[in-house]
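Next come two complexes, and both contain chain A; in the first it sits with chain B, in the second with chain C.
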Partner chain A sequence: MNTELPPGLALQKVDERIMTLNVGPQHPGSGHMRIIVQIDGDFIVACDPDPGYVHRGEEKMAEYRNYITNIPHLERPVIHDSCNILYPYVLGVEELLGIEVPERAKYIRVIAAELNRCVYTMYWLAIYGIFLGHSTMFMWPAGDRELLIDLLEKMTGARVTHAHFVPGGVRNDLPPNFEDVCLRQVNYFEKRIKEYAAIFYDNPILIARTANTGVLSREDAIRLGTTGSVLRASGVDYDIRKKEPYDVYEELDFQTNVLKEGDSYARSKIPWLDMLESCRIIRHALQKMPKSGSVRVKLKPNPKGGDASVYKRVESGRGSLGCYIVSDKKPEPYRVKLSVPSFRNLIALPYLLKGEKLGNMPSVYWSLNYWPVEADR
Partner chain B sequence: MNTATGIIKALNSGIKHLAIKRFTLRYPEEKLKFVGDGYQFDPSTGVGIAGYKGRHMLFHDHCTGCQLCSIACEGVAEAIAMVKVPNEWKQNKKAIMPQIDYGKCVFCGLCVDACPFYALYMTNDYELSSFSKEGLIYTPAQLQVKPFVSQDSEIKITSRGATHG
Partner chain C sequence: MSSDSDEEPIETTTEENPKSTKVSTVEKEPELPKFEKGIADKIVEKFGTRIKVAFVKPDRVRINVSRDDVKEVASFLRDVLNFDHAESVSGVDYPQDKEIEVVYHLGSYTDSSLSRQILVLATRAQREENPIPGNDATKLPSLREIFYSVEFHEREIFEMFGVFFQGHPDNRRLLLPEDWADLPPLRKDFAIKGR
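For the complex of A and B:
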């Protein structure tokens, strides 16, 4: 009798030295995902990331809603970076419907997206700090994040999940006197995050724990298809804001940050350098923004796209975030596909952890700038 | 930089904070100040007015019972139901008005964008917790009441750091 068991149920021959360890899927260990680690003593032999615990079917949900009512649920995968996850969708729908966005709305969008990138990065930095046992680095970013959340609340009316971008511009104009408040708080924010250098990034204890762990070479970073901070920490100068400028990014003065080391320290430093760059972008955008004008194009109710498809991508807090929309002359999109940076960076994890000590796992895993909910969509 | 000076610098940057004011907001004794009276929408220009997206406010003398807010909410949260109101208004012969379930509402404000008659706005009220699920359902009569929201503190930046003052 042929007793072949389905895969997964068959017993595997186990080496006595190897122990299998589940990290997660409980939230405090790893976010909403599981990492199956095989260890030999203190060293990791193999690692298998197991995402998918918070799959919500965002892409399927998008097929049953029209172009406007898709907005509130599409930003749920990354509530802290909700402007950036909506950005490619909104740019795509605008191209499908053939809408020209007013100049002032473009600047408001750039300011909101950069503020949101900082909010996300501060949240990530807080988690990165606490997973390395540095509880001051949990408290400081979590507190200073409030400066920018306050600005976004004044701008959009919500502290997270703003639902601010719509095809055709933004939902509402800036409140009166916003420019002064924004400039004051962003300047203070920049001064604060520069203080993080002494306590965190130049701290010899952090450098000892993260330098030369999980090194990703330039060639591997390109071959694995990583993006964003992971790619730029490995020495590849690739930023969507520079390579495929959307809205008004080509008129703004900023630079991309590249480090050559490719280790966990470089990967954690790139988002911090990006935040300093974001402060420059916000200041420059506030300066160049037209002082008055329309911020939203009036759309017909239930707008319909043509028989076309469109792919747009933006640089989010984690890397390139793309949105592919297919329309078939109905008020609802035929298909919405999100290409998320978290999932693409997670692919590097098994390669980085092989041969590392188990104690280095949190620093390598969180340095990938990974957001489990976004990867599962 | 050698290890000793690095550690001393790190400790020093923390110790500096003993002299800096506390940034924490002491909720519920202190409450945040918002801009404006809540998110509103002007259908003639098609642009909203910046404000906090909190509990809704319904103007009974403007509502026509057209159900556009309920239709806008269908794909989002299905929080709005149209219910009968006892007295009939001359612009609202059907005598139906929205009733909002705050257990479902996501505060996106798309219902406010959908209203063409200046009848539905949002207010600064965000303290909506209740002991029962029924308590979260706001009838048209409850939505008519303008909330009292105390707002006192906003972020102040001084030479000794930022505070909620």
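For the complex of A and C:
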């Protein structure tokens, strides 16, 4: 082993006053993640996030499987947001293979991706609720999430791991009568999540606990390269769906949500506002979608990419999700790298927790919209 | 309409092997997107032959630099061209070239004209056959002083490829266990059992 390496907080000795505390790696509901904090009384002096407990080597596995068989396992890092994590990979493979996707498939993808964003956000919100000891906020999102899971089950056949996006379109066409059911469920869903404002977002206890805690300034958000809800809560208007539209987002009517405060409250509100926008996108997409047509281009068996590399990115439930694929004229990719938003946002955690009270740690940590399994890949 | 890549005239770039400069995309001028060409030209104007423009595609420009120049080029990209953060840093292992490539994907939040653009900055480190991560020649200068956002990405590449980043303040493992005693796992000679 190398002796030059710095020891890290876990082994570092400071003085008698400072206590080192291991938080985790057990974790309710998401994945395992350890945060090592040094505390002086009730205040956090330093923090060292220690991910890696659910590292499964997805990128290594992708080098052994061909472009199509990679699909079911590459969605595993975030099974609740599986359409969005496959999206950049599928877009990248399409560019490598030179495939043009049918119009109807693009709309189905956008609808699936937006439904998935809501499913992920509801799960995240449920855990955020229970982190703060608000058990109603755990039950409601966990229950209302089923509405959309039912829709996705009708669409793809699976409740969470859909593997629905494939290079060249989507796996199946929509079932008959899907548009009406979807519209009805989404309208009801929208009505339901608007009610969350009264019990959660306008709740004085929540505001007292999260406002002005873990403030990330605009400059730091840019400098640290954060993304998604963390970036937009700090006043930077950057959403890949607007800035670099993929598939049919350019033709759909929606806006991005930006807040200026940069605190835990703003960071937890942005995903909820995004869900309201998602409902608008789904309704508009259902309206504009071609009523019939092909949804999948037939590929040759074992398609090969050229001697090239692509980097594609989409806006997932947590932020910009990039996929870098290097191809070397073989049926398997030479290298697949997932640049995941959770991993990119994790760098902000030590900055946010410094000087914060230990009791605020759960709310600051979870407001980063962080998914341990995704960060570890 | 499926098209196989064998017939497809996929852009032959010089990125995989910088020595073979048979087909350079920069010469086919009318096809190149204008804005991206402008970015590439600015970099070429400043650094001349020290950098190599690997491709200019819509929204993507890729430049290859040697390890000695990477810090200087990165400072230029940040200070003059306004790229302010790294979206992704990837390692790619090329055992046949005895090199490991590190690829930075840079983006910009502050300059709205660059919001679609990703600048791909690639550099290569010498690759040791029997790596002793941190104590061998597989070293690159760290870009953490220039792009703060690469901190965790470079830590990941250190453990996954054994590339030691000189000047990185916190060269520790991130995802792997502390007592990992095998090859860096994303190198090509680390084989998965049964495959």
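Heads up, the rule we're going with is that the second predicted complex is superposed on the first by the 360 of 377 C-alpha atoms of A that agree within 3 Å, B and C clash if a C-alpha of one lies under 4 Å from a C-alpha of the other, contacts with A are read in each partner's own complex, and residues count from 1 in each chain.
Operating definition for what follows: a residue touches a chain if its C-beta (ideal position, glycine included) is under 8 Å from a C-beta of that chain, and two chains touch if they have at least 3 such contacts.
Note that the structure is a prediction, hence the values are computed from the model and not measured.
In this superposed model built on chain A, chain B and chain C occupy separate space and fit side by side. In the superposed model, A:K298 lies in contact with both chain B and chain C. Of the two partner chains, both chain B and chain C are touched by A:Y64.
In the superposition on chain A, A:L231 makes contact with chain C only, not with chain B. Of the two partner chains, neither chain B nor chain C is touched by A:K194.
The larger set of touched chain A residues comes from C, when the choice is between chain B and chain C. In the superposed model, A:K357 lies in contact with neither chain B nor chain C. Contact with chain B, but none with chain C, is seen for A:D150 once the two complexes are overlaid on the shared chain. Contacts of A:K330 after superposition on the shared chain: neither chain B nor chain C is touched.
With chain A used as the common frame, chain B approaches chain C to a shortest CA-CA distance of 10 Å. Where the contact sets of chain A with chain B and with chain C meet, they give residues 64, 298.
Listed in rising order, the residues of chain B touching chain A in the complex are 1-3, 6-7, 9-10, 12-14, 23-25, 32, 34-36, 38-39, 46-53, 72, 74-77, 106-110, 113, 122, 154-155, 157, 162. Within the complex formed with chain A, the residues of chain C that make contact are 1-6, 8, 10-13, 15-16, 59-60, 62, 84-88, 90, 92-93, 103, 105, 109-110, 115-116, 118, 120, 132-135, 147-153, 156, 169-177, 181, 185-186, 190, 192, 195.
Within the complex formed with chain C, the residues of chain A that make contact are 1-2, 4-6, 8, 51-52, 55, 57, 59-61, 64, 96-100, 168, 222-225, 227, 231, 236, 238, 243-244, 297-300, 303-309, 311, 313, 320, 322, 324, 326, 328-329, 334-335, 337, 339, 343-344, 346-347, 376-377. Residue ranges of chain A in contact with chain B, taken from their complex: 64-66, 68-73, 136, 143-144, 146-147, 150, 153-158, 161, 163, 171-176, 178, 184-185, 188, 195, 198-200, 202-205, 207, 294-296, 298.
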